[in-house]
């Protein structure tokens, strides 16, 4: 293992537990017969990092897609910054300040890196402020500046992941929602992604992270939720869950 | 066929090929963004041609003005057409096939009600004096057709590549879920794509009017060839539509030059051979992101 | 109930026979055209509706049948009945020619290719001198039939009725037996069908040839009726009319096709006077039907009939019948808790072909690259006969790619996969299935238009396309073959305790049950090696236990099982050996206990080797 | 499996029951109309079957206008032998199958005379049905194939292609002495007929065409074949195609720099040809037609005036043909004083002769009544008669 990243969770910006940014109560998502998410509730305080972990098919992605209104979902309450999410049209969610990094990255393969990033700020005028943001993303991910003109489809897995995160940052969100950013990436690239997320947290960005790789989640979040078969089976501070036998059972089955 | 004849037939092939390219563009842009194969597209071209007859021929407006009005009207109708065909989008092909064919038949019926069944000839906007280029006669109207077609292609390219709305439309085609998350209203993009497709068909109709003969039935024949051209170039692929259109025009011209009456036979046999060798067309199919 | 059915059947026949006595000279002509178009529409329904091949050349086949009959009688001088079979064969040959592209391209590509070939065919008709060019061939002979004068349209009606009845009955036989099932399986999911032993390319060609022969018969009889053929009669307009008949009538339903042909032809004749408005109304009718009632008239009739039957006291409506017509599956009541553990051994046939000592499945240096992305990098592993072998690893580590190579979805870039010693990689899926390798899929791939029993029967049916001659030469043998196949299927379903849902459409069952049906379907191919791709995904813990017991029973009946699974609890308790994959390479291999202690494995999974050390080390 | 079969069978039976009764109903209801007994016959029922849509719509329209004009005139003067003429129009949509169906409908509804169709192919499809039912058929088609069926019930209201082209060839080769003649024809029924007829006339005069191009009837872009014709440097170009395609050929030929004199049969004489080709390209076209213009004589001027007053359009050949056709039928029916039947009308039409707009009609036994056309030249938009080339 190359650089041994510090394993304790980052906590430079204390989560402002007083102000709740995202409040989800009793979320249900089902595909035809299959009930993927069974009344899951959680909340993300401002400046906080919340993780959702669990085995494949535990309903992690469905939870995010339900929250982003990309798939039909029912909930007792879904609020972000006090506004009810279920009355907002899917393409208006980004206006509330939620940046979304889909599972499998879903960059626009036929468009250049620059255009992908600019589309992240589709809702704003592409003025000087947006271009300044572009520069900041280039600082966070230098590789994106080098391949500015290249088609996103030609990038490596890691570069596409950085592009997907950069694209979401272009709308200057207050909450960054990431779905399995480490999937299929080489360990050294995963470390770069983790380092970037930790820097964003230090800058006060609140993060909702869905991940299969427990280590990545624990090193970026303060609080974690564990899902199994669509149900919330456990939650608690990341530091405590790191050594919890149940987590190990879910992951290693022993 | 001596050299002069080869070139002459080639010029004829390119001029009808430019029209097929425009029709193919209409097919591809609608397929690429909405995943809809609109078999009634030939009839949208016919509506555009009839509007040109109404404004340019019957009410004697200047050609450019009439063209702009006809294109604008057909494009606005395009929004309406998309609303009608929306239930068919991304559905499986058989329903889409027969649904859009029904739509085409209805358009033809409506044209007969509005403009009568006989149809009308359309004079060329500029006097069609032949220009002699080293023995090969090029009809001046053909030059206008090629120029206007090229202008449409460049305009479409600039819109897709430079304009924000164009980039958004491409993104919606590539990944409609990610596009929605970025704040792009995919439904409106689809309406706009259909309007652009209809507008381009109106231009093609206006250009082909003087060449063919504007009648309710003109859409079907041009529609089939235009669709074949779109597939030949690589379905959904914008540059492919242009290459496919010109190629099909040339194949048809040389086929009708040599074996006259068997031109349709040769055109479609060559088309089938190419598709069998390269199923995704000359420049490769760009499919829409089917959910 | 059978009384009602017989009554209705007899009533229909009486009406059909009585038609000539109730109509005028023009009415009988329309009735004759209806019968001809019914034959055409049923043929098109078989290839487009059932087999899912977008064939836009049906009008050209119709033209070939008519022109072959005309040319053979007028130009070559054959008698009408001597020319008849030749015309049907000629249409069949054209069907082969137009069907060839279906081996390479599908859906809209196939649509435009067949449309193009149809336009080319009518261009040949217009130009070839022996076809009378644009004028066509007038003065064709009246088919002689002993004392009956067939120039009288009233008599011709009965000839057409007999032909249409025969072809309709043959079509009904085909769609309710193996051929129809294989067509629908191929249409719903060609890949899964190939994995169940269906020779997809051959059956696509068969579909085209059948549709062409149906059109050939219709064409030859049309030539006998009208006694004049010209190219315009077989134009694109007729093709689109035929398409409308099949879609408006009811796509994958030969009754719908016949209904569509009858209704549309009569509607068109009634409106022939108010021509101007007819076309707009006709076009909008088609768009409306497609959007509002995609299942067509037959679907509507079915729905009305079910409601009527429910209203009649005493008439029992089985849940399967309701589900088929109304689409609501009243199966939610069927809890899964009645368990899927089965008592009797699950293997259908004790397979003596297992040479002992040879590994059931050998992966020998297999690599797979997709345009720059290396999915598998020189993977070697061996699965002992009779073992349960687990394959684990994070998403995107190449597990499913390996399965796809072993079952013929695509070939390896390099290396080889062998089952019991003989090579399977690089072969067509249906050949690998015959060699005893079966699989389930990560995302369920059941045939959505078939019932649970039909899904299993597709896999059970080992007939090769060459045995299709039975449909024409020995149709009565099917009653026995179907009963035998159904019995074997019911026996297998009983073992998997799926008998109660046998008549339901497979995709309407609860998720867990669908998983079970997929395993039962894989078992129906009589495999020696069963590859399960994430069978536990989406199962509740109760279902998980049943799955564990089921896999054990399968292994106990002599079948080797290879299992891709994320649920480590299942892997640990079920597998004899486990191979861990990571980004396309084998990371570790061994017994479950050994593998989970391997620091590298923990690193990839938990990402932190020392995490385990702090645990209490419980196995 | 049995439930599925039960519901299927009963569903089909019910529907077929409904449908067949519908077929029976529609059959019976339309059959009733024609049952009027022949003694108390008050009306002469004429069915006009022709294209109302598609490529040939204009031909169908002109036939209808010509026949209706004649019918109104005759009815105003007390009808044909006391019978009021009643026209029923049916659309064959330019398709021979539909034409055949409508012919059977006419037989079923016991019409006395059938006019139709404007296209030779459809007339040919209708011929065996109408002849079998002994109903006289007047057609404006002119393909020689119509006369080869040896039917006693077919009457062409215009000369055959052979007559058109004999007159044309006689003038172009004989009078103008043009030797280098190119031919471009479509392979539709009309085009193929013209091609064979004109080629035969050229052979008779020892002339071999310098180019002989054949194109599909719906082809619109002719630069390929035309450029080959241009290389052959013809001094006369014979066109064998319908009005619209002829116009396009003329226009494209001129724009490709072919300055040969354009030579054609009837289509070149119509306003539609001139409108499609444009006056400039149509200038100088030599036309062979039995009805060159409206002011040939007193009779044609009266017809043209009545046509203009009735329809607001200038009359032309096809309207005149149909007008003559019905006048002839009316004269035949008048000669029967009451005993009206298909056979009688047909026999009468063979016996009588009639001086119409197109000339002297006298039907031979294969249905040709006119065997003479005149030559005209298009000068600034009008067809002017050249001295009688007949």
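A, B, C and D label the chains in the order they appear, each numbered from 1.
FYI, a contact is a pair of C-beta atoms (placed from the backbone, for glycine too) under 8 Å apart; a residue touches a chain by one contact, two chains touch by 3 or more.
None of the values given here were measured: they were computed from a predicted structure.
Common neighbours of chain A and chain C under the contact rule above are B.
Contact tally for B-D versus A-B: the pair with more C-beta pairs in contact is B-D. One finds 36 Å separating the Cα centroids of chain B and chain C.
With centres set at the average Cα position, the gap from chain A to chain B is 43 Å. In whole angstrom, the spacing between the mean C-alpha positions of chain A and chain D is 76.
Shared interface positions of chain D, i.e. residues touching 2 or more other chains, are given as 52-53, 187, 214, 216. Shared interface positions of chain B, i.e. residues touching 2 or more other chains, are given as 112, 117, 261, 263-264. Shown for chain C are the residues that touch two or more other chains, namely 123, 126-127, 279.
Applying the touch definition to every pair of chains gives A-B, A-C, B-C, B-D, C-D. Interface residues of chain B facing chain D in the complex, by the touch rule stated above, are 1-2, 4-5, 8-9, 11-13, 15-16, 112, 117-119, 121, 123, 128-130, 132, 137, 139, 141, 211-213, 215-217, 221, 252-254, 256-258, 260-261, 263-264. Remark: chain B residues 164, 167-168, 170-171, 174-175, 177-186, 286 touch chain A in the complex. Partner chain B is touched in their complex by these residues of chain A: 68, 70, 89-95, 100, 102, 106-111, 115, 118-120, 122-123, 126, 167, 171. Residues 394-397, 509-511, 514, 534, 537-538, 540-541, 566-572, 583, 596, 602-603, 605-608, 611-612, 614-616, 618-619 of chain C touch chain A in their complex. In the complex of the two chains, the chain D residues touching chain C come out as 1, 3-17, 19-24, 26-28, 30-31, 52-53, 90-91, 93-98, 100-102, 104-105, 107-109, 120-121, 124-125, 127-128, 143, 145, 149, 187-189, 191-193, 214, 216-217.
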